[in-house]
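Following this message is one structure expressed as structure tokens.
When the chains are written out, they are named A, B, C and D in that same order, and each has its own residue count from 1.
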Amino acid sequence: MRVGVLTGGGDCPGLNAVIRGIVRKGVQEYGYEFVGFRDGWRGPLEGDTVPLGIPAVRGILPRGGTILGSSRTNPFKERDGIRRIKESLAKEEVQALITIGGEDTLGVAARLSDEFGVPCVGVPKTIDNDLSATDYTFGFDTAVGIATEAIDRLHTTAESHMRVLVVEVMGRHAGWIALHSGLAGGANVILIPEQRFDVEQVCSWVTSRFRASYAPIVVVAEGAMPKDGEMVLKDGSLDSFGHVRLSGVGEWLAKEIERRTGKEARTTVLGHVQRGGTPSAFDRWLATRFGLHAIDAVRDGDFGKMVALRGTDVVRVPIGEATARLKTVDPELYREVGVFFG
Amino acid sequence: MRVGVLTGGGDCPGLNAVIRGIVRKGVQEYGYEFVGFRDGWRGPLEGDTVPLGIPAVRGILPRGGTILGSSRTNPFKERDGIRRIKESLAKEEVQALITIGGEDTLGVAARLSDEFGVPCVGVPKTIDNDLSATDYTFGFDTAVGIATEAIDRLHTTAESHMRVLVVEVMGRHAGWIALHSGLAGGANVILIPEQRFDVEQVCSWVTSRFRASYAPIVVVAEGAMPKDGEMVLKDGSLDSFGHVRLSGVGEWLAKEIERRTGKEARTTVLGHVQRGGTPSAFDRWLATRFGLHAIDAVRDGDFGKMVALRGTDVVRVPIGEATARLKTVDPELYREVGVFFG
Amino acid sequence: MRVGVLTGGGDCPGLNAVIRGIVRKGVQEYGYEFVGFRDGWRGPLEGDTVPLGIPAVRGILPRGGTILGSSRTNPFKERDGIRRIKESLAKEEVQALITIGGEDTLGVAARLSDEFGVPCVGVPKTIDNDLSATDYTFGFDTAVGIATEAIDRLHTTAESHMRVLVVEVMGRHAGWIALHSGLAGGANVILIPEQRFDVEQVCSWVTSRFRASYAPIVVVAEGAMPKDGEMVLKDGSLDSFGHVRLSGVGEWLAKEIERRTGKEARTTVLGHVQRGGTPSAFDRWLATRFGLHAIDAVRDGDFGKMVALRGTDVVRVPIGEATARLKTVDPELYREVGVFFG
Amino acid sequence: MRVGVLTGGGDCPGLNAVIRGIVRKGVQEYGYEFVGFRDGWRGPLEGDTVPLGIPAVRGILPRGGTILGSSRTNPFKERDGIRRIKESLAKEEVQALITIGGEDTLGVAARLSDEFGVPCVGVPKTIDNDLSATDYTFGFDTAVGIATEAIDRLHTTAESHMRVLVVEVMGRHAGWIALHSGLAGGANVILIPEQRFDVEQVCSWVTSRFRASYAPIVVVAEGAMPKDGEMVLKDGSLDSFGHVRLSGVGEWLAKEIERRTGKEARTTVLGHVQRGGTPSAFDRWLATRFGLHAIDAVRDGDFGKMVALRGTDVVRVPIGEATARLKTVDPELYREVGVFFG
């Protein structure tokens, strides 16, 4: 049996741990051979491969990123994409393809598997933790840890100067990183994309925190929006480089808080550091187990499935089902955490 | 409503986060008052209390240990223990008691609640993660993270000198810390209490690792035992201070590996650093949510229950049921991880 | 003897360690009493004080920020500033004033001491390490450590996507943080305020790095400027919030690199996380020793002096001399590090 | 010009950074070729070499240990050792040899250079920081950082149980790691090899700490000895494995404290984790600069010299002079730190 492996979408700590898990078990227990496709779907599209065996996966467990490279290439948007992929797999004599990726990468895998008979197994990957059907995705714990450490650090600087510190963390469509790191970091306000926020309410929490002689930390997901959403867009459009991220909601919010409360406010945008570097122990554990279970699915011929975490078990679910719906923060959970606001 | 809180057993990162969660929600949402009992069951036994309100829990989220102190005092082993506890609670006008602790502390709470009508709610705590009915206990993730970082560090020293490094981690009865940190740290052998190990097999993994030009890391839980168990006990008894821990299985194993393989071997006993210091983001999250749900159980009058993690939900289970059985490593899971041995 | 203490300017990890060192030695060895002035020079100006004794300094060694608060208030710019300060000191019966701060705070202390007979001892503080007369200032090592860890993390994300990552670090007038963290983090280009950079040269380093199949990391101090300086200013002026920091040189440079090389480039602005949180072991050591030596200077009546690090010794130098000249990166040292560019 | 490089003695974070600095500058600026000798002096003795060029040093900056391996082999104790080394160097056409190591390795280099005409340049390496002529050695800052973090963690566990925690750190002949980490970690007692300690005095500090309602942390260097030194040796000799380290002074001291004060005491022996893993930013900086200056010494034909740190400068000193005397903790400095005891 010859198995192909590819990683697609944004990088995420734990990708290498998945690859290592797949290859170690595949070679040692099942005697499989492997081929790596480079840069997500670009690899099979263009027939760009790298050798993948025990030597290639030595020492990669603690390394962030992916040894296979990644891209956002979508074969359904490429001319003759499906035919070219099938030809690549045939040429490489690949009988199964393990695709590690997020909504887009897995969406392609689902269609290839269901509609075009390409034998795919999926491994879910999103640093945002917003993929249905799995309790957690790897990379998320690492990102939350990095953001929490940053918030820990910002507390002392906020209190020395009695300033508001706004921390913008990742999360375009779901507020998981904001919610977890904000709670763990003892933030006084947490704003998520799932629920438009009221700037006046934010300012009132900020003010009450100052009244208690403490300096407030506001954690805001990059995708969070005020109730009057146009404000962000309007200001964002003035950015000289077209980078929404850097004059995003964090900057806008700090400015609004300053204007409305008269208190000094500063923004820190954590950015790419949240997705780089060595994975946390939890993510290494989860990613490795995903890898071990993905190769088991291949051995079982259980294609069109994705591995997923349920409690402490790794299970299999249809890829399509898993990517059908974004997993957002439950309003009840957000309300639960709200006891710490202000 | 006046609620008592105590923490019993060994300390564990996250205890303070639980206390903070209880008090913040109890005061702000339910208008409760709180009293802290010092040093586990010793507090209510001797009527030793500390004030517990919002000011007391300020800033304690990231701090390890417990602001309430802890002990292993067991009221059932104390003269008139139950009567004295009931009198203390009555004197303090406490109508509910939240007990945060491991098997022993919760065992007492279960009996007090079930047999003596003391209205207890439990919060499970064990750094070893060996308590049934909950997917994880707080403190465990922190311990695994510390052990993993230590293993990461030991790799380079092992390889520079081509030595065996044996790392002894916590876990008297269950191998969870060894299993998770060993997997996450890329250990070449992981030995757990649940399964007696064969020294010859360990030496054969060690030798095969050297043949591949790498230096082996052996992670061993303090409670792991060789098939010929007498060996450890016999050697352990020679320790001059009566401390089994420090001439425990790690030391014994390194000596055996040296003797049998002729390779240099060294031991590191991680010890107390695994249970101290600031909790990981995951543990802060879990501990805080346990606290929030424990006070909800009090509000609901749902006594005799313990909060527990199931997937991403916090649920309630009978305390007695939860402590009835030790949660050990499933042989199937141990076999799954075994693909990385050697 | 009654001694006043104040901290001025931006916060910096280690301030609390200085205060603790002063108080512990002053109380225990010399029997002094202390009074803390709040928020830098604002404290003595407005007679705003806090009690400062052994209890106040318990547990503050590992805490970032300053328990005394800080501000940028300058008494020479306040009406009757000097008279009000003298009155405050007289009212508090303070016979010596220890001022912990940067160029501005120490500049005031130098004048107060030399021209107005206020008995001041200085402790140098600048996270930027740009103060003459001392080998290092505390806080710098912590900032470099944080920036280095961020750069370590960004390497894997850069290589997974074969992107340029531009990291903007602190340093308005001196490139010490950029130089040290860039070297320690294995950056491929380091740009400092001391030497205007040539964008074409930067692009050529970037390109040569890609040719070697690696992704480049560019570390740029916030105060670095291209040879054609107008470019930054022009673009900077378009920022909608008037925050130069966030559409500063890092953003501008990434855009230029993208435009000129055709490679994707991203920017991370580390911001306030560099100055917050627990100090590194080195900074705790240095700050504590500065505190111990500052109180010795008070005991010796050696006013108008500042403590400073020379090799491994703490010495005393005239405050005025120390703040007269900015300590910038020696061109020879920058050239030495340049061997790693490209 | 063809240059040999070897690393000898115990491993130390930063060794790879030195090697990288040497090779990058040697190849890029001077056009030199390099050969690596394996495992310290064993390499040239047995003619065991590895290729050493730009590809070999890629990515090694953040990695602990040494890519060249290490050993304690001493050519002066080997039959025909000097002749064999000279033959190896001749065969490899090596015209200069850079030796990175501690007292023993550099002692050999000094004699080879001074008495036998082998053109050696030295780079000082000792995690214990006990080498004369240099302000600091690389690896020391990393070790101090790791020990400080461990002490930080132990505080909370000590206070939760009101126990004494004894932390045994590295340092056989010099107490630098104990002194720096003990100060930075807020230890209440620090014991170093340079000054025999009085157990009664230690117990009195411990007791006074408990009286103030805090739990004491005692940091003890592995080479520290009580005034009645026989006690340690006698107890140490009872260890069943002949490992002095693990039933060393830390264990002995905890037992004595328990016996004399009646307080519970526990020991943590940090061991090998102190010397493994990624170097701190400071050590990467120092080690890299040592490498850059060592190759400059080769270029200048300045043999028999060792690079050394003086303040912020890297200078050259005669190897022999540098290793002639152990750098121990100055009694005055120890007294300075003593203000924090008790």
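Note that in this section contacts are C-beta pairs under 8 Å (C-beta built on N, C-alpha and C of every residue); 3 or more make two chains touch, one makes a residue touch a chain.
This one's a predicted model, so the numbers in the text were calculated from it and none came from an experiment.
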Open item on the list: Between chain B and chain C, how many steps is the shortest route if every step has to go to a touching chain?
Closed with: 2
- [ ] Going by C-alpha centroids, which chain is farthest from chain C? Tell me that one.
- [x] B
Open item on the list: For chain B versus chain D, what separation do you get between their C-alpha means, in angstrom?
Closed with: 34
TODO: Quick one: report the Å distance separating chain C from chain D, using the average Cα coordinate of each chain.
DONE: 30
Task: Rounded Å distance, chain A centre to chain D centre (Cα mean) - done: 41
Task: Residues of chain C whose C-beta touches two or more other chains - done: 152, 278
Task: Every chain pair meeting the contact rule - done: A-B, A-C, B-D, C-D
Task: Contact set on chain D toward chain C in their complex - done: 24-25, 28-29, 58-59, 61-62, 135-136, 141, 144-145, 147-148, 152, 180-181, 183-186, 214, 278, 280-282, 284-285, 288-289, 292, 310-312, 336, 339-340
Task: Sites on chain D touched by chain B in the complex - done: 10-11, 13, 15, 63-66, 69-71, 146, 149-150, 152-157, 159-162, 165, 235, 238-241, 243, 246-247, 251-252, 255, 266-273, 275-278
